[in-house]
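Paired with subunit B in one complex and with subunit C in the other, subunit A is shared by the two complexes that follow.
The block that comes next holds the complex of A and B.
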């Protein structure tokens, strides 16, 4: 109750100053009592390890035993690590296909779903449900339906007269197959985000454009697309972060194989740190990726701002 | 309402294509292994066989992993609901020293990606003796920045009058929170619960890093390992998958409205 009196006296800041320290302490304690536990858990499990990782990246620690300070050596090693370069290439190729792919599939579906259609809820559910399926279950299912010998997809292809494919077991197809599997599992997000954004577009805008004689394509290009810009920026950033950090699906399907054709950066980092115990080097890889991710997100935001200013 | 068919022509096959793998998963989980591998393929089991389910539930530690994941998820959801709603309310309603810094620090953690945290978190767990315990799987899920943010936004949008009335009636801060505010927050709490359920249930990376012994595996780690060991025993694998996926699909369908609304909300207005 004392806390209440103090909080009630807050607007009268002059009086609050003269009040005794015990009274001033109570609202502080109440506030921290509410936010303290969550703050401690979240910040403690994130900022503290992040700083530790930065320190680790400057050391040659083994995961099991401490090592010595090596300065920027780990970061220099990054540049002459051909395996890391290959992994970076795979991550980039995956991202370049996945990010635009998920938007280009998601937007037309959202446009189609954004009208009073019969079975709309059914369509939306079907298209979104794969999003809740875990990477482990998705991976096992992908290995199953895409199996070169027994998989149903190959059986169906054979029925159509198409040769059987290696999919996840063919070095030249594995990464592309992973993109397709990821799209299956995550296109639900762009659909839902675009649907929500479409519903927020004022009807008058579209009506006005129509009255001015714009056809459906023109309305889409001149009204709908610009209005969807914030959603697009959000999705580009979100999906890019997701793509650059790809790990779960690789771990549950190919484990980087065949012939290392699907070893992406985070999977490589996982191997370095937890299979080879190179904690310091792994931390350096992680930080390098972190900086790249920040740069990409910053760039996307800057580009969006610039576009808004020009419009 | 006119000219709907072009849309159906695109949406219907696409929806079926998206649903097909999951339907196939369900069908094969009830198929005898011999029929799964037959050529030409059978699309429908000749009879419903529970062999896969029996195998997965009796021959491996699957029930144990299921229990482990259930425990981890329940702890995560309960802890999330309590800690995040308290913190969200604290940030939305109280003025106190360090509030801005604390909130900024929480929001900054969103930027730090998992891969940066993997190695030091492993070391933190090792020093705390959490390696190979279920605590390692749920500690990262006790509270998240997303949860705090979601609840704060919700409470900011809640009118203060009811709380003030309760305060005048002599209810203290905690009493107001539990008796007045939380009952009003049910939609936000439901959304938070579903999101946390989804995240904790599907989490792979933390238990993978921190848990080594089979008895302590979570479902996701167990499934992955199980898949490697039981390659080609497809009915059992698919039965395991169905059991692991079904709770999520049910949770999603039940909470679909809240879920989708919050998803787009957090995406666009966050």
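The block that comes next holds the complex of A and C.
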């Protein structure tokens, strides 16, 4: 911080050397004084815990008994942990279904809501409400509605002549069911983002395309979609981070069951750290996930920039 | 000058804030403070607050501060981990017995051996299962806060409707299976019984009595190998598989929160559960009975899961005050108010001789049966730090069998091999 302040003051102090740097230092310090409390809060609430977790990940520690420093052993263990591999598989499958799914569902709904419709505001509100509801509430609701024996969905299916399903309690359906529940809960975000982006598309562009003889499909492909590109990039990154860090919905519905079929990475590290007393190992898993998330986001951004330059 | 002042105003609150977070001091105005995380909400919390108030009045030098800590005791350890990392744990916290081995390795956990050995404490008046759950390698890590055991609770209405005779204390597991089958009525959504298939300790501890009843044990006598995959245990697990998969008489509860509510609403005929259900059973006006677990060859052993009040050492003054308070709290008179008032079994036998217990037994149908069943809790789970890891493997094995994805034989031997690996690591 000190060095920054001094460097910032230099060009100015060069002009009137006689007054000396002290005169200019004061406003700088005042500035820091105002920024300071917020900086302290940010450092205290995010950077300090992050550093602390990094140190923890290098230890064999359960946060209760005095642990030992084990260097990179926890990270080596990551590579040889079949349960973690399984959890990674679940997270990947979930992400691959959830991210494109939320965009593919969100975009058509946004397009529909962008047209002059009766009660448009009402529909918009309806579609956005699940997004505002906490994941905990969504999870509890899903548990009720999808209960294999007593849930309303199976009653409806039975009425339609379809066999009763296990949903969250069937090892082969649970993860898919979770994807559907999360889509219901979070499709509001792509809708709102796409709606905003759609309204930002200049009317002249669309009109010009029409004048040139483009049909509605051509307008959509040649004008609308490219114009939505920044929104799409943002949504892909945002939803991917969300998907990789899935936890609360699992915690409130399946707790990783049945047969660990919904144990995703963050739930697995929670179990390791807080249920099985391996806090050091849990922190290592968290850091590995952090690095992967960073890489994925970086890659997506790079790809998007490259595409823009090419276009 | 004004700028300087601005600087001061901007910085000082931040410093004050961080200092304020620094924590509670031990003895303000000469009083010794005992921070007590009891984990109890609502009516239970009020009972404990009343006890603390009363203690504070009669002990002017001490202030016991009851705080909830967390409303779900499942999260208590996590909360205390955070508090320990911050260097400021509570003086007393409510802890599950399954955490004892790990707590014993925590330097801040006070050894209560001298407290319980004092004749006035009456340690022998507590059930063996409680004393065992509180003791790890000779270190007493806590004193009992709640005691329970598993028994068989049955809904008389459903038995009458199906024309099945009520369970008796001499029931075998085969009797249990055939009754469950006859109680099951898919068209009405009624199950004979249920099993908690969360894959965690809640799944595992329900299985141990069947192993123990047939002379088996969880680990070898030297504690170095898994010993639970006996042919008898395989047969017991096979019985549950047949009930769940073939008979379809078992409701598999995958988050452990539905099986009791389903019993209260008459959807399940029998539950393997503990005295903690008695309050809800009374509230829902269920006409029920309680017998010991079904047995093998007349052996009806059960399992007990006692919880503890654990003391964290925040300096000798506070630790001593915490111990004195716990000695008072666990006296029969106070126990009657806490345990009986919250619908739990008394934590010590002397409490059951008090008039308050007679009132309690009148109010709760199953009280006498659960109290008598406490004598069937003669064995305990191993107090080793790797037990949670081993339990997780066994929980998975049981779940796979109940869902029909593995045979009892391969699941249990597989879990035993995993357990051996964990034990070898130490």
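FYI, the second predicted complex is superposed on the first by the 279 of 311 C-alpha atoms of A that agree within 3 Å, B and C clash if a C-alpha of one lies under 4 Å from a C-alpha of the other, contacts with A are read in each partner's own complex, and residues count from 1 in each chain.
We take it that a contact is a pair of C-beta atoms (placed from the backbone, for glycine too) under 8 Å apart; a residue touches a chain by one contact, two chains touch by 3 or more.
All figures in this text were calculated on a predicted structure; none of them were measured in a lab.
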Superposition on subunit A - do subunit B and subunit C clash or fit: clash
Partner chain(s) touched by A:257 [first = subunit B, second = subunit C, both, neither]: second
Which of subunit B and subunit C A:62 touches, first, second, both or neither: second
Which of subunit B and subunit C A:193 touches, first, second, both or neither: first
Which of subunit B and subunit C A:150 touches, first, second, both or neither: both
Which superposed partner A:215 touches (first subunit B, second subunit C, both, neither): neither
Contacts of A:202 with subunit B and subunit C, given as first, second, both or neither: neither
Comparison of subunit B and subunit C by subunit A residues contacted: B
Touched partner set for A:46, first subunit B, second subunit C, both or neither: first
Subunit B versus subunit C as contact partner of A:109, first or second or both or neither: first
First, second, both or neither for A:279, with subunit B first and subunit C second: both
Overlap of subunit C and subunit B interfaces on subunit A (superposed complexes): 27, 30, 33-34, 37, 63, 143, 150, 274, 279
Complex contact set, residues of subunit A against subunit C: 26-27, 29-30, 33-34, 36-37, 40, 44, 62-66, 143, 147, 149-150, 168-169, 171, 253-260, 271, 274-277, 279
In the complex, subunit C residues that touch subunit A: 3-4, 6-8, 10-11, 13-14, 17-18, 77-78, 80-82, 84-85, 102-103, 105-107, 189, 197-200, 251-252, 254-255, 258, 262, 267, 385, 388-389, 392, 396, 399-400, 403, 405
Subunit A to subunit B touching residues, read off their complex: 1, 3-4, 7, 10, 27-28, 30-35, 37-39, 41-43, 45-50, 52-53, 56, 63, 108-109, 112-113, 115-119, 122-123, 125-130, 132-137, 139-141, 143-145, 150, 152, 155-156, 159, 184, 187, 189, 192-193, 195-197, 200, 230-231, 234-235, 238, 241, 245, 247-248, 251-252, 265-266, 269-270, 273-274, 279, 282-283, 285-287, 289-290, 293-294
Partner subunit A, residues of subunit B touching it in the complex: 1, 4, 7-8, 10-12, 14-16, 18-19, 21-22, 24-25, 28, 36-37, 39-41, 83-84, 86-87, 89-91, 94-99, 102-103, 105-106, 108-109, 111-124, 139-140, 142-145, 147-148, 167, 172-173, 177, 198, 201-202, 204-205, 208-209, 219-221, 223-224, 227, 232, 234, 237-238, 240-241, 244-245, 248-249, 251-253, 256, 260-261, 263-265, 267-268
